[in-house]
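I'd like to ask you about the structure that follows.
Just so it is clear, A, B, C, D and E label the chains in written order, and each chain counts residues from 1 on its own.
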Amino acid sequence: MSLSVDIEHRFDGFTLKAAFEAPPGVTALFGRSGAGKTTLVNAVAGLLRPDAGRITLKDRVLLDSAAHICLPPHRRRLGYVFQDARLFPHLSVAANLDYGTRYASGGGTAMSRSDVIDLLGLAPLLDRRPRHLSGGETQRVAIGRALLSRPEMLLMDEPLAALDATRKADILPYLERLKTAYNLPILYVSHALDEIARLADTLVLLADGRVHSAGPIRTLLSDPALVPVLGVREAGAVIDARVTHHADDGLTTLRIAAGDLYLPGVQAHVGDVVRVRIRAGDVIIARERPKGLSSVNILPVTVTAVQMGDGPGAAIALDAAGDALLARITARSARDLGLQAGMPCFAVLKATSVAQASIGQHLP
Amino acid sequence: MSLSVDIEHRFDGFTLKAAFEAPPGVTALFGRSGAGKTTLVNAVAGLLRPDAGRITLKDRVLLDSAAHICLPPHRRRLGYVFQDARLFPHLSVAANLDYGTRYASGGGTAMSRSDVIDLLGLAPLLDRRPRHLSGGETQRVAIGRALLSRPEMLLMDEPLAALDATRKADILPYLERLKTAYNLPILYVSHALDEIARLADTLVLLADGRVHSAGPIRTLLSDPALVPVLGVREAGAVIDARVTHHADDGLTTLRIAAGDLYLPGVQAHVGDVVRVRIRAGDVIIARERPKGLSSVNILPVTVTAVQMGDGPGAAIALDAAGDALLARITARSARDLGLQAGMPCFAVLKATSVAQASIGQHLP
Amino acid sequence: RDVTVFAAASLRGALDEVAALSADTVVISYGGSGAMARQVAQGAPADLVVLANPQWMDWLHAQGVVAPDAAAPLLTNTLVLIGHSGPEMPNPDADALLARLNGGRMAMGQRDAVPAGVYARAWLEHIGAWSTVEPHLAEVENVRAALALVARGDAPLGVVYGSDAGAEPKVSVLWRIPSEQHPAISYPAAALTPEGAQFMTTLRSPQAAAIFVRHGFSLP
Amino acid sequence: MDAAGYEALRLSLLVSGTATLLALPLALGCAWLLARRDFWGKDLLSAAIHLPLVLPPVVTGYLLLLAFGRTAPVGRFLEQTLGLVLAFRWTGAVLAAMVMGFPLMVRAMRLAIQAVDPRIEAAAATLGAPRYAVFATITLPLIAPGILAGTVMGFAKALGEFGATITFVAAIPGQTQTLPSAIYSYLQVPGGEARAAQLTLIACAIAVSAVIVSEWLSRRIAARIGAA
Amino acid sequence: MDAAGYEALRLSLLVSGTATLLALPLALGCAWLLARRDFWGKDLLSAAIHLPLVLPPVVTGYLLLLAFGRTAPVGRFLEQTLGLVLAFRWTGAVLAAMVMGFPLMVRAMRLAIQAVDPRIEAAAATLGAPRYAVFATITLPLIAPGILAGTVMGFAKALGEFGATITFVAAIPGQTQTLPSAIYSYLQVPGGEARAAQLTLIACAIAVSAVIVSEWLSRRIAARIGAA
């Protein structure tokens, strides 16, 4: 276990009581506004001393209220990207970044300053004062500062919320590299399931200060029962696929047990196993293999469960030669097509609707 | 014209030179981080006095540097939701809200305090101090405060960025109601094209301090040339449809020139005209009418333009009996299907993939 | 070696000139008599003290700092009634003073704290005017402030030393108070070291006497 | 304590209290000007405000006499127009205490104003609050700790002021003789230490109470506005 | 100006400068304690720091004399252990100036510390900075305006201090006679006004220069840390 958390804390009118284990990799904290995400991260960082609990990182005890242990923040060696940036107002952007390096302990992950500056596009900002930055620029500097502090774990509280899609798409692969190449565990707060699906290995769903469910992202995202919790639009399965070919027209062939997928813009090398997120809403079900469609991804599947919702939708769990898929279609279609468990059919996936951001590198 | 802006301002290393007209309704400012969105909104609000320019709201001159007119912020009667909330730290949430009402001029839009509190879920927070709020809670209070100040126009700088999808979905219809029922013009900064497509009537694309393009949202969103600018995932056409029937299973039938659409969760009344956003990535093209699909929306269309991108994608402009549609498919599929201008074919839209949030009420 | 003298502030000027007569380097610290007495008792590096007030010299005797025979009066001074302008007031009584004050106040040193104030009070009591004049006093922290009040016309009358009044053109002496109407105004001096004793001889020299007289003091 | 002591105590409290209250708005105005405005002569204003700190109090008192004495131009003007006499009145003691405490008050308030985030004030302006209302409803509450600190300092200084007061308005029992000048005069007499000590203890007690009240208030304010 | 005037000026600058520098760290420590810590007796500490403001300077000087005189317990102890003699030396004048300026310094710094957002300090801690480093690299630069203000006030007060100094260490030319006590003693003799005025002008000039320098510095600091 990388991080293990079991804490309890009461505010006036709000109680956080959460326990979870975060294996190496990225653990996402997901939950509505006010669910307790920031409170929890603050406790991990040592900025909030919970009423009771125990937090360990690898073999280090960060907090053990029973043993009266509470490591001060500066000895926890965690890099924290705050929801509210918290740049040092009296330091230039460059000095803000260097602050991270200044007190970096020997350990942790070595990232080069110039890499960080390039990635986050900070070069033109280096001489600026924080108060002359735009919202997104501020947040990028905050990310850079945390990255440069050589932390043993990164805590990121909605780090990309202030960023535009292009910038997000630039930064996400880098975060992935942190986790794979540098083996840096990340605790990642976000309300964008997109980012989470791409980055996270583990998902912790917080609701009202309690852990609603926690587990491997694959399992949770393809659980039809969680569709209402995660939001209708965001549900979708995550499957592993091996890169077999990059074609000249930019499409990459990926092999899964059920057949081949053709996806654009996959960056991995041939032979790599990548993670592909297929949103339930992007899957069409056909009784017969359709022809003359612009969709090049058509997989034979078997219906494993049909879950009719309260509304007009239905969640259909599918088995694609062992991989779990999730489709969200209208209840009317489900009836019209006569879908039921065990029925063989075809899943049509739009190649372009497999979001760029949803293709992530898989853990080695 | 509701708002007319033509300003120029230089910061060290950044120049804003933007002119645009915002007709009544919602005008979205869209652009990358650092494009100058906040700077522009600040100029409209009177918090930044641009080097030169002219800003008028309806028939009131807010700024005319040639005539040395610069109305102070408190006489501009604009409600500003800041990117960084800016709640009054010494006042409770309730008092923050009431501050808006206290100095409200007689004019502007009357919204009831209890409505605002209900909508934004502020009831449990009323006695709290701002520093005891979570990020999302803070932003909700900021929105409420601006709404209650009876402004003649709302300025919203990424108001929903800190909110989760569910909360966003709750608030968006309300903003729509402000614009339709109360006729309140809104200048809306966002980097979520989703929100923009749903709310905005006019889109102003800022890039590097300049207006890249501006115009009715319908035109800009279905312009294949803007696909790279807006982001591959977010491009998509917006069309108007009339509600003809609400079925018991929750699907609503909408009439457009090319035929019927079946969409879930449409809230409008029978007879209303609503706006439907159909993302380019959610459209599949078929040469023949497909059968046995879970997709119930299949429209006969004609290809009007095929634009091959640099990468693996292709943007296909379609004409559906007069309505412009945009499809994004792989270049390979475009070639395989032999798509070219003038060719008749079928557009398959997943009912559930027409996002809930993309169905908005149309201006009366 | 330097000679250090602690002296009453009202002696500055005269004493500075006298010090110049000495072959030694004379360093003079001016201050209030009470403060100086306390400092000497606390071991101040004074070779000689000149106070404006015999009471504090007595106190120093009592503290055992100064031998009873080491101290002797060095100078005396006179007390004068001054006014901003107007005719002289020989032998004033309470009514005359009140009339001349005409609703204004009489400036003088604080009745207990400032030596000149102590003498002024004694005089007023002697002529039986104290209870009448007392409500019309303006007591200040030093004689010069009293002088300033009269010079500026803020107070019609004041009681100060003769040595102070002579040098201020904006006030006129209305009445030189006879010395028997108040306790003797005496500046006792005491040498604390041999160096101090040596400077004492300079102080008592005829040249010094001339300087003191020129500044309005008298010799005992 | 004897009657004179009581009288001095009463007067000290009256003078210090009045001086503090009167100086408050003026000091606030100066603090605001110095913190937020740029104007010609700003540094000189700041220097002038600091002067009473630098000059021996007696000199300040003397200068007050030159300006506000009965025969002085300003003093005459005040007497003729407002009927306000400062010389030898408790009102003059109030003026002296105001002048001496002023630099302390201004500085504390200025620091507090400088620490207010102007973006918060801007937010209030966009909600329609005119400038004075922004000041009253946002700035003022946010600088409450500074106002409180300035008030305590000003009051304490006023309570301890003596040199300028006695030079300007003398030490008239019941009118202008405050606690410190009573203490001073006791200290000048051999054997007066005991009574001086008694009055000193009273002054200390007042100061300690004022500080304790202010610390309590400051904690309440901090809890309200969320300062550390 | 005569040699004595120069001497007094030199000594005043030496004493005020030394007092300000020595008091600075101590005042900073007290300010930090009062702003950030809660402990038993906090209000009493605060009251004690304010006392020199409330008491007539002469009383403060007298108390210093009682404590640090050559024959007084603390004075003797200091002399025997550290060889440090305060009584009637310029070092004593430094002590008196420190004590008198202390409340002003502490208050300015305390206000500044209270205005620092602890969340910014917390951010530094998460980046690995130990507590002293957070203070040195974050808190200290952010409270620079307060330190500057405290320094100016303390220096100004030290420059103007007179009652406590003359009571504690007398006014020995070249040793303990500072500008204000020279001014005071000139004011005591007939015809001394002109020289008193001259020295007063010099004191004013120093004060004005100090304030102008501090205003300039304060603008630079504001530009750096982004205060209003």
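Methods note: a residue touches a chain if its C-beta (ideal position, glycine included) is under 8 Å from a C-beta of that chain, and two chains touch if they have at least 3 such contacts.
Since the structure is predicted, the reported quantities are computational estimates derived from the model, not experimental observations.
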Starting at chain A, figure out the least number of steps needed to reach chain E through touching chains. 1
As a test of understanding: of all chains, whose mean C-alpha position lies farthest from that of chain B? C
Note to self: most contacts are between A-B
How many angstrom lie between the centres of chain A and chain B, each centre taken as the mean Cα position? 26
Where the centres are mean C-alpha positions, what is the separation of chain C from chain D, in Å? 34
CA centre of chain D versus CA centre of chain E: separation in Å? 20
Residue ranges of chain E touching at least 2 other chains are 58, 62, 181, 184, 187
For chain A, write out the residues touching at least two other chains, lowest number first. 84
Counting only residues that touch at least two other chains, what does the list for chain C look like? none
Pairs of chains in contact here are A-B, A-E, B-D, C-D, C-E, D-E
Can you tell me which positions in chain D touch chain C when the two form their complex? 58, 61-62, 65-66, 69-72, 87-88, 163, 166-167, 169-172, 177, 181, 184-192
Chain A touches which residues of chain B in the complex? 11-13, 31-34, 37-39, 83-84, 124, 132, 134-137, 140, 157-158, 161-167, 191, 193, 231-234, 247, 249-251, 262, 264-265, 281-282, 284-288, 290-296, 311-313, 327-334, 336-337, 348, 350-353, 355-357
Where on chain E is chain A touching in the complex? 119-120, 122-131, 133-134, 137-138, 141-142, 224-226
Under the definition above, what is the set of chain D residues touching chain E in their complex? 35-36, 42-44, 46-47, 50-59, 62, 103-104, 107-108, 110-116, 118, 145-146, 149, 152-153, 156-157, 159-160, 162-163, 180-181, 183-184, 187, 196, 200, 203-204, 206-208, 211-212, 215-216, 222, 227-228
Of chain C, residues touching chain E in the complex: 4, 6, 9-14, 27-31, 35-36, 38-39, 42-45, 142-144, 163-164, 166-168, 215-216
